[in-house]
Amino acid sequence: MSHAMTAQISRRTLLAASSVLAMPAIVRAQDSTIKIGFPVPLTGPYGTEAKDQVACAQIAIAEFNEAGGLGGRKAELLVRDDKLDPGEAATRTLELIENDRVSFIAGSLSASVQLAINNVAKQRGILFNSISQSDQIVALPDWSKTTFHEAMTPYLTAGAVGRYAFKNFGKKVVFLRADYAYGNEMIDGFKAAGAPMGIEVLADLRHPLGTTDYSTLLPRIQSLKPDILVLANFGRDQQISIKQATDFGLKKTTKIVAPILLYTSRLAAGAQAFEGVIGGTSYYWGIEANTPSAKAFNDKYRKANENRVPSDYGALGYAGVRSILAGVTRAGSTDTAKVVAAMEGLKYDSYKGAQEIRSCDHQSVQSVFIIESKSKDMANQYDVFNVLATDAANAENLRSCKDEGHA
Amino acid sequence: MEGLSLDLVVLQLFTGLALGAIYVLLALGMSLLFGMLTVVNFAHGAFYMLGAYVGIMLLGVGFNFWLCLLFVPLVVGSVGLLCERFLIRRLYGRGIDYPLLLTFGLSYIMVECVRIVFGTTGLQFDTPDALVGATDIGIGYFPTYRLFVIAVTFVVLGLLWLFLERTPYGLIIRAGARDPQIVRILGIDVARVWLVVFGIGTGLAALAGLLAAPLQGASPEMGNSILAEAFVVTVVGGMGSLVGAVIAGLLVGVVVAMTSLLAPEMAQVSIFALMAVVLLIRPQGFFGRAGLMS
Amino acid sequence: MTDVILRTEAVGKNFGKFRALGGVSASFPRGALTSIIGPNGAGKSTYFNLISGAFAPSSGKIVFEGRDITGTAQHHYAKLGIAKSFQITTVFPQITTLENVRIAVQALVSRYNVWRPRAAMAELVETAGALLNTVGLWDRRERIAGTLAHGEQRALEIAMALASRPRLLLLDEPTAGMSPEETRSMMDLIVKLAGERTVILVEHKMKLVMGISDRLLVLHHGELLAEGTPDEIRRDETVKRVYLGQREH
Amino acid sequence: MLPPNFVATCKRHRVVLSIAFLIVFPLLMPFKAIAVNILIYGLFALGFNLMFGTLGLLSFGHAALFGAGAYACGIAIVHFGAPWWAGILGGTLGGMAIAALIGALAIRTRGIYFAMVTLALSQCVYFLAYQATAWTGGENGLRGVELSRIAAFGHSINFVDPLTRYYVVAFFVALALFILSRILASPFGAVLEAVRENEARARACGYDVRATRFMAFVISGGFCGLAGALQALHLSIVPIETLYYQTSGLVVMMALLGGMGTFFGPFVGAGVFLLLENLVSLWTVHWQLFVGAAFVACVLFFPRGIWGTLLMGRAK
């Protein structure tokens, strides 16, 4: 555990102790510290991902501090558990802003949580860099001058995966989406990418979030004989639906494609379940072979974490905090307006190759990696994906700022 | 509608039955606990989840799936016995609120313990080799494992029926489920009967969890959503009624399957809409006693 | 013809296939104390529950002061001028005796007022106090009702029944489970109450009511067996055979 | 547990003491936002307790009333640009309206079935809100309930300031407490007691039990709706989870924890629950283990709830 983390925990323990004694919790760290709030869902089903995000974010903090900080001012990460609940996240954000007086906030894992944090932060003029996927956060009315989006948008991800899949596996497609914003935005992205390629949508089915039984839908999909089944769902929904599609024998005739394949899910579920599934990711440690920044980041992570490798979502935690600190360095100040100005148009290569923050909507323009789950020839236990293609960073692949409602 | 045919509808019926089979096992236990002990068991979902994880644990130490079918209910049922003996027993006669609150707390503890031991991400549970694949049931192929789930449920129902009809314990339990007063009046060692009932109820929940695990894997939260559904089934069937639990379980399974075929976005609400309609027409459920717990 | 306060026309009640009460037609004269008697299972309680509105009859109708009240909801009875006491003691057990009666009195005045303080309605407390005096419970007014002796709770129930100033008071076995002394004071109370209003009394113990009733109704197997003054009933051969004979050998 | 003369003194001055407590409360809490949350959930539990504690009816659908208030307030402000006071009024009325709808259907059932019908109907409300994305924001929740300044009594108050926000919320909570104590002391309050104590007798006295229950449910909806509206303003969002059945479960637990049927119990329950969750989750991610254990301990050792146990201690 890094030094900053330990220091923070002792401060928290102190805070807890003081509240137990019903004392006013006026524990102020030195004003010179640059505080970054980091709400992530430490408890609940994405606890593993969240913990990795914290570990990665600490690397960004350590890098900044080791480089001398901002003229000697050190950065500090204030981790909070948002419990994957927007109400809790909003409360925690209020705590971070009003009580801990953070200068910046990065974090969040689910769409609704990031929109909640964004809403609270923007009302108080605090810069927020989201590391979770959403199309809406970069569009009006949710977006604000202090809103930044480090993660990919569903539109971008689905577009990249779609362009690859429709070209290589066929044009007859069945969509199965989790019925919520993430699923809907992903399918919009696939459809937008597929339209010019002339795909034929055989069916566009929805399932409720948190479905545990897809057997009611699978026979119907099977009878349609599609080339591609797109599963626009996430986490456990994705795991269960892929597993059950395999049980129904769907993989024999149909290629299963998911917009996002999570490294942690794949590790937990095992090779068998994900075998031959195609998907996208914002980061895979294996790109270090030909990406120097990835190699550097992985090495730092390995050193701090017993030689393990960072996950895709974890890496976003690093990037989210690092971009803010890059802005601080560039602005030479922690003043929000100056940092915003410094981050707009910022070009950087922190862990996955060249990226740029688009000025009009503060979206990070970045590459998408198309990956396939491996089941043989694995070099080590972390070697779970093959990178099939890279959809290079290109603002053309994003929704235009005009479509997002920006002037 | 795209790809809709009669065969598909019939297949969907089977799917509904497989889904319903899990509900039946859960609701049976819940109904027993409620009918006999007036315990609204909020930890029922946690026992269900525990069934899946104990299965993973036993597989890990060399048991096979078939042995798990026997031992998982025994192990989890024993946990249930301990909970009854040392915690819930102290609350009888204090109304429904206290056991409800206690089991709610208990479910928090159980879920968190599983997270500590097995992690938060959830684990894969492979379908036993003999049951992988699909079987031709005349109108199309249907996953063999799901047929197996239906079969196991009916076997368990048969065994439970034999137990309740043909053993002295069963007689007491049936009498008690109909009217808890009678058992007390008859001067039977109620404490032991209750203990057994709690063991059976939680054991059934664990079996349901184990059966569900190859379908959806195991996760610490898997009991949360199914708890609400199990409540619905129990209430629709009539709390305390075992026949009601069976019929309502299968009915709810089929209703969910059919709505997900015809209007998938309504699948989740259909279950609650069904319950609202049933209770508004027949406030005590299909087979429940009127005025129970009022 | 004397003034009839309540009349039942062929009222009957079925529970599923079981016919608890055949069509009973009877009239109750105003101002009289009428007792309904009969052996166990004769249908007394069913009949009582029908005229007091606890059940709706399966057939027939009930006429109160010339008005058909068949099927009227229970909570309207108080306003009609009919009050009852239950066979099983029924008070508000965790509230004081005085508040029990006060709540009963309040029903005539205010049911849904959410704003006025209760304490400001002094006249209700006064009325309640007076009623407690009537039934001899004034010195018990601060006691929690559930802690009163059985006989006192029955008296309290009658005070609550009187709160609606009923013209017709229905009492279902008011002396059930009472000690001889309690029974005696309860009978005295009933006689006192009957002086001011019509009372219908259901009683299992025939001897108790013979001396105080103006009229008697005898039910047997869900049918009306006989009606008349206590003397007439005493002389009635059928009644003797099925009821008196049965009980007194 | 508490010396009787102290308690008597407190009781005599309970209005003053309550107000004094509300004033210093935020200074005792680890941060202001949690103090506001405690007030809001306390108010929500108070409304719930009107059905459960006062009337003896266990509802598992109160999330719908709370959520309706939050959404009504949020939608009024986001989609209609309503002023803040109209949002609060709208939220209160929204809670009452949904309560009237659910109540009209559910009030004829009893006991555990009442709990289940209310659960089912509130889940239906949840799914409706989930689908009505244009109005509610669907799964993402309703955003943009932004209130930076509020105008009152000729002054413009900075609602973003944490302490000011607390006092604005506290004002409405105090108002609600006052209204509730009036209701409980009113003739209708007596009818509620009567119906809880003995339904058959209440009916024989001339009270319409169903109408009484229905009215209590609607009033309860008003309190819960107000709590929801305040939450929407406090968090500036309305999460869809507000309507989910787990929110109903939460409020049941808070009321039981504090002591059902006691006036301040719901606040104590909400406070203890939220603080416990907050403090424990600061030093371990396994906070649910401790919260669960605390529940079990409470049930076994403080069956009347925390506040109820304190009151009992003094009665001895």
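Here the chain labels run A, B, C and D in written order, and each chain numbers its own residues starting at 1.
Definition applied: a residue touches a chain if its C-beta (ideal position, glycine included) is under 8 Å from a C-beta of that chain, and two chains touch if they have at least 3 such contacts.
The structure displayed is predicted, hence computed values, not measured ones.
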{"item": "Chain whose Cα centroid lies nearest the overall Cα centroid", "value": "D"}
{"item": "Mean-CA-position distance for subunit D and subunit C (Å)", "value": "43"}
{"item": "Intercentroid distance (Cα basis), subunit B paired with subunit A, Å", "value": "37"}
{"item": "Chain centre separation in whole Å, for subunit D relative to subunit B (CA means)", "value": "32"}
{"item": "Two or more partner chains touched - positions in subunit A", "value": "43, 47"}
{"item": "Sites on subunit B at which at least two other chains make contact", "value": "115, 265, 268"}
{"item": "In subunit D, residues with contacts to at least two other chains", "value": "286, 288"}
{"item": "Pairs of chains found to touch, sorted by chain label", "value": "A-B, A-D, B-D, C-D"}
{"item": "Touching residues (chain side subunit D, partner subunit B) in the complex", "value": "58, 105, 108-113, 116-117, 119-121, 123-124, 127-128, 131, 245, 249, 252-253, 256-257, 260, 286, 288-289, 291-296, 298-300, 303"}
{"item": "Touch list for subunit A against partner subunit D, complex", "value": "9, 12-13, 15-16, 18-20, 22, 24-25, 42-43, 47, 81, 83, 85-87, 90-91, 94-95, 98-99, 111-112, 115-116, 118-120, 123-124, 134, 136, 141-142, 180-181, 209"}
{"item": "Subunit B-touching residues of subunit A, taken from the complex the two chains share", "value": "43-48, 179, 202-203, 205-208, 210-213, 215-217, 219-221, 223-224, 236, 239-240, 243-244, 247-249, 264-265, 268-270, 272-273"}
{"item": "Interfacial residue positions of subunit B with respect to subunit A in the complex", "value": "2-5, 8, 11-12, 15-16, 18-19, 115, 119-124, 126-127, 132-134, 140-141, 143, 145-146, 212, 215-217, 219-222, 225-226, 256-257, 260-261, 264-265, 267-268"}
{"item": "Interfacial residue positions of subunit D with respect to subunit C in the complex", "value": "182-183, 185-191, 193-194, 197-198, 200-209, 211-212, 215, 219"}
